[in-house]
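Working notes, structure below.
Which chain is which? They are A, B, C and D, in the order written, and residues in each are numbered from 1.
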Amino acid sequence: MAKLYFRYGAMNSGKSTGLLQAAFNYEERGQRVLLAKPELDTKGERQILSRLGVSREVDFLVPAGADVVALFRRHASGDDPDALVGHVDAPSVACLLVDEAQFLEPEQVDGLLRIAVEEGVPVLAYGIRTDFRTRSFPGSARLLELAHTLEELKTICRCGRKAVFNTRKVVDPVTRTERFVFDGDQVAIDGVEVTYESLCAACYLEESDGRLG
Amino acid sequence: MAKLYFRYGAMNSGKSTGLLQAAFNYEERGQRVLLAKPELDTKGERQILSRLGVSREVDFLVPAGADVVALFRRHASGDDPDALVGHVDAPSVACLLVDEAQFLEPEQVDGLLRIAVEEGVPVLAYGIRTDFRTRSFPGSARLLELAHTLEELKTICRCGRKAVFNTRKVVDPVTRTERFVFDGDQVAIDGVEVTYESLCAACYLEESDGRLG
Amino acid sequence: MAKLYFRYGAMNSGKSTGLLQAAFNYEERGQRVLLAKPELDTKGERQILSRLGVSREVDFLVPAGADVVALFRRHASGDDPDALVGHVDAPSVACLLVDEAQFLEPEQVDGLLRIAVEEGVPVLAYGIRTDFRTRSFPGSARLLELAHTLEELKTICRCGRKAVFNTRKVVDPVTRTERFVFDGDQVAIDGVEVTYESLCAACYLEESDGRLG
Amino acid sequence: MAKLYFRYGAMNSGKSTGLLQAAFNYEERGQRVLLAKPELDTKGERQILSRLGVSREVDFLVPAGADVVALFRRHASGDDPDALVGHVDAPSVACLLVDEAQFLEPEQVDGLLRIAVEEGVPVLAYGIRTDFRTRSFPGSARLLELAHTLEELKTICRCGRKAVFNTRKVVDPVTRTERFVFDGDQVAIDGVEVTYESLCAACYLEESDGRLG
């Protein structure tokens, strides 16, 4: 039986690189994959971009409210409205790879599980567990509940320990200095420049003065 | 640095056995451990009971609303109000083991992380991920967000695949027959006899007619 | 497809308990399992004994030179020469569990892989990785090469870190004092009383004056 | 305490990509890493090359018979004979990353463990477990014995299952056709063109007519 995998990691842990490598591995063996990501917060951007310098366009974006199973079936069958010519003889899909999966809606994550179980296609969902206040995103909360397998992608904190949390820093538009913030919306609003840094739990608690979310 | 571990598994995956074995391993090496579990739903029961037949009393229960860090410190220091004689020279605690951790409150899970990071004591929290409707419990939701390491304890479905979900069955008081239910409170109310069965995702969706929560 | 799992851990990490729990989980769901262990060094002892106090007899011992696939088939079919009455209608076997798997011969481990792949029966092999000189046993060396999945069962060193190595201590028959030894046969010979202690790499190197095997 | 990690995977599972991503993650946080690989079979080639298209030069090669601890110390201290100018104020090294670690000598793997335990520097060793006859290489055999943590990098077989074994194919110089071979030296000799394909255990046994090594 195919499975739903949640490969989670702090920001800058190499999730997109891992996804692109997995896609490469399938294709190198002559198998077909589909790549997708949530439309939310991407502003229509269709690229999956690895910080190592590799990038690739997704096969489809998942809009808010979309039925991810129907989307998958349409693209898997080659009945792609964006394609110039339908793939009449599209080979079956060996794997669905989803980037930024934390931004999916919970029902869309349910759809990923159905794709694995009912369509028989393995789903590799890559994303972060929690926001800058140590709270899960809607998509990651559901993935943590549903995924057959939870696999961590590791990265390191500035202190050398494993990073587990993400922090947000606001950049002063004039001085370019950064300061940690522990209040605000889960997805940063336009007009405020922010950066993120992955920290271990000890460094997080030090910066937040002991606050956890 | 000490870590918070969430060792999760479906019902009847051997969580209590694992906990008792871990406690045994520490003590066999001359180290002191503390065992705890949430008071919720235990009706005051202080035993950790393995289906293999091994059992042991916890060192403390965690009542609703309790400050788990303060509780831990009090018991670690030997200043145990339940003890007949205070352990004046109590050795330091090498590990805190928590059973049924899904029933903790989110703030109490925050406390477990603080015990690991600020007190330097590893915390092994054992519990189930989700209820019979594939929704996490308050404690497990927070553990999935915060734990340094997520480790799965596996068990098998009736079909031989790995079980990932828990199902509830209501037992007819007269005929003793059981039927699956997919509605109801997270914690079964008194007066209705229920049993639980761990299923894989495919068997779950078959029994639920495709419902997920 | 069924898989061969190697669940390895230092001595006293709870391997037998884990095996007995896994067997219990299968049987609780109405499935049949077979338990086995190598005859080597067991002196005919047929018990799997957990330090937690649980024990159970194996279904068959694996003698030196034996064909483990043939042995498995004979016992799975119910054609058990040790049984008083053949199980004419023996249900199919859902899992083969092997204790002390480090003592198997390499070809017998090949057989375990064949049982998984060709007979379609999952095999859970429990054992230790290395001897007191950090060298693998014949069976564990082959399991580390062949197993589909390597899963670690953890235990702790006297210093609180994870134990990864095993050390041997010789007990003085008169004074009952123990001293670490780093020379000798892989399996201790009769007539010399030895004990074992699991250590982390740092404590091992300290006791061995920097020797590794 | 720093640890020795063995991140193993079948050929073409993305090991070099993983190594380069890990190096990137450290450096992005302002930390210094060292990259190395065995000189054996590299013909002096100093590049680590990912099939995704990313590449980077190692800091040092490990020649046959070399003392890997001494090599590490010399390069960590900035006393690099290959460097035009010594790094007088070289920052301490946060991580040593080793590619193609299966080609190290067993004593050199011992050295990696010492670097982790005695120098306090984490070592990430990437390599394959076994050759085309399912036998470990000298370096991987020792890593499987010694590493604190074994982490699998997964890839897929042509049939869609997880690949665990590597197979060798000889390419006919005239017809360019390939055929599987299951005899020959562990490292292919010059003059014969070979390719490798990662297979699951079932496909391996099918191609080898049931041979395992």
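Descriptive notes on the structure:
As a working rule, a contact is a pair of C-beta atoms (placed from the backbone, for glycine too) under 8 Å apart; a residue touches a chain by one contact, two chains touch by 3 or more.
Chain by chain, the UniProt names read as follows: A, B, C, D = Thymidine kinase.
Quantities reported herein were computed from a predicted structural model and do not represent experimental measurements.
Counting hops only between chains that touch, chain B (Thymidine kinase) reaches chain D (Thymidine kinase) in a minimum of 2.
Centre-to-centre, using mean CA coordinates, chain A (Thymidine kinase) is 29 Å away from chain B (Thymidine kinase).
In chain A (Thymidine kinase), there is no position where the chain touches two or more neighbouring chains simultaneously.
Pairs of chains that satisfy the touch definition comprise A-B, A-D, B-C, C-D.
Residues of chain D (Thymidine kinase) that touch chain A (Thymidine kinase) in their complex: 12-14, 17-18, 20-22, 24-26, 28-31, 50-54, 94-95, 155-158, 160. By the touch rule above, chain B (Thymidine kinase) contacts chain A (Thymidine kinase) in their complex via residues 1, 4, 110, 113-114, 116-118, 129-130, 134-136, 141, 144-146, 148-150, 152, 161-162, 164, 200-202, 205, 212-213.
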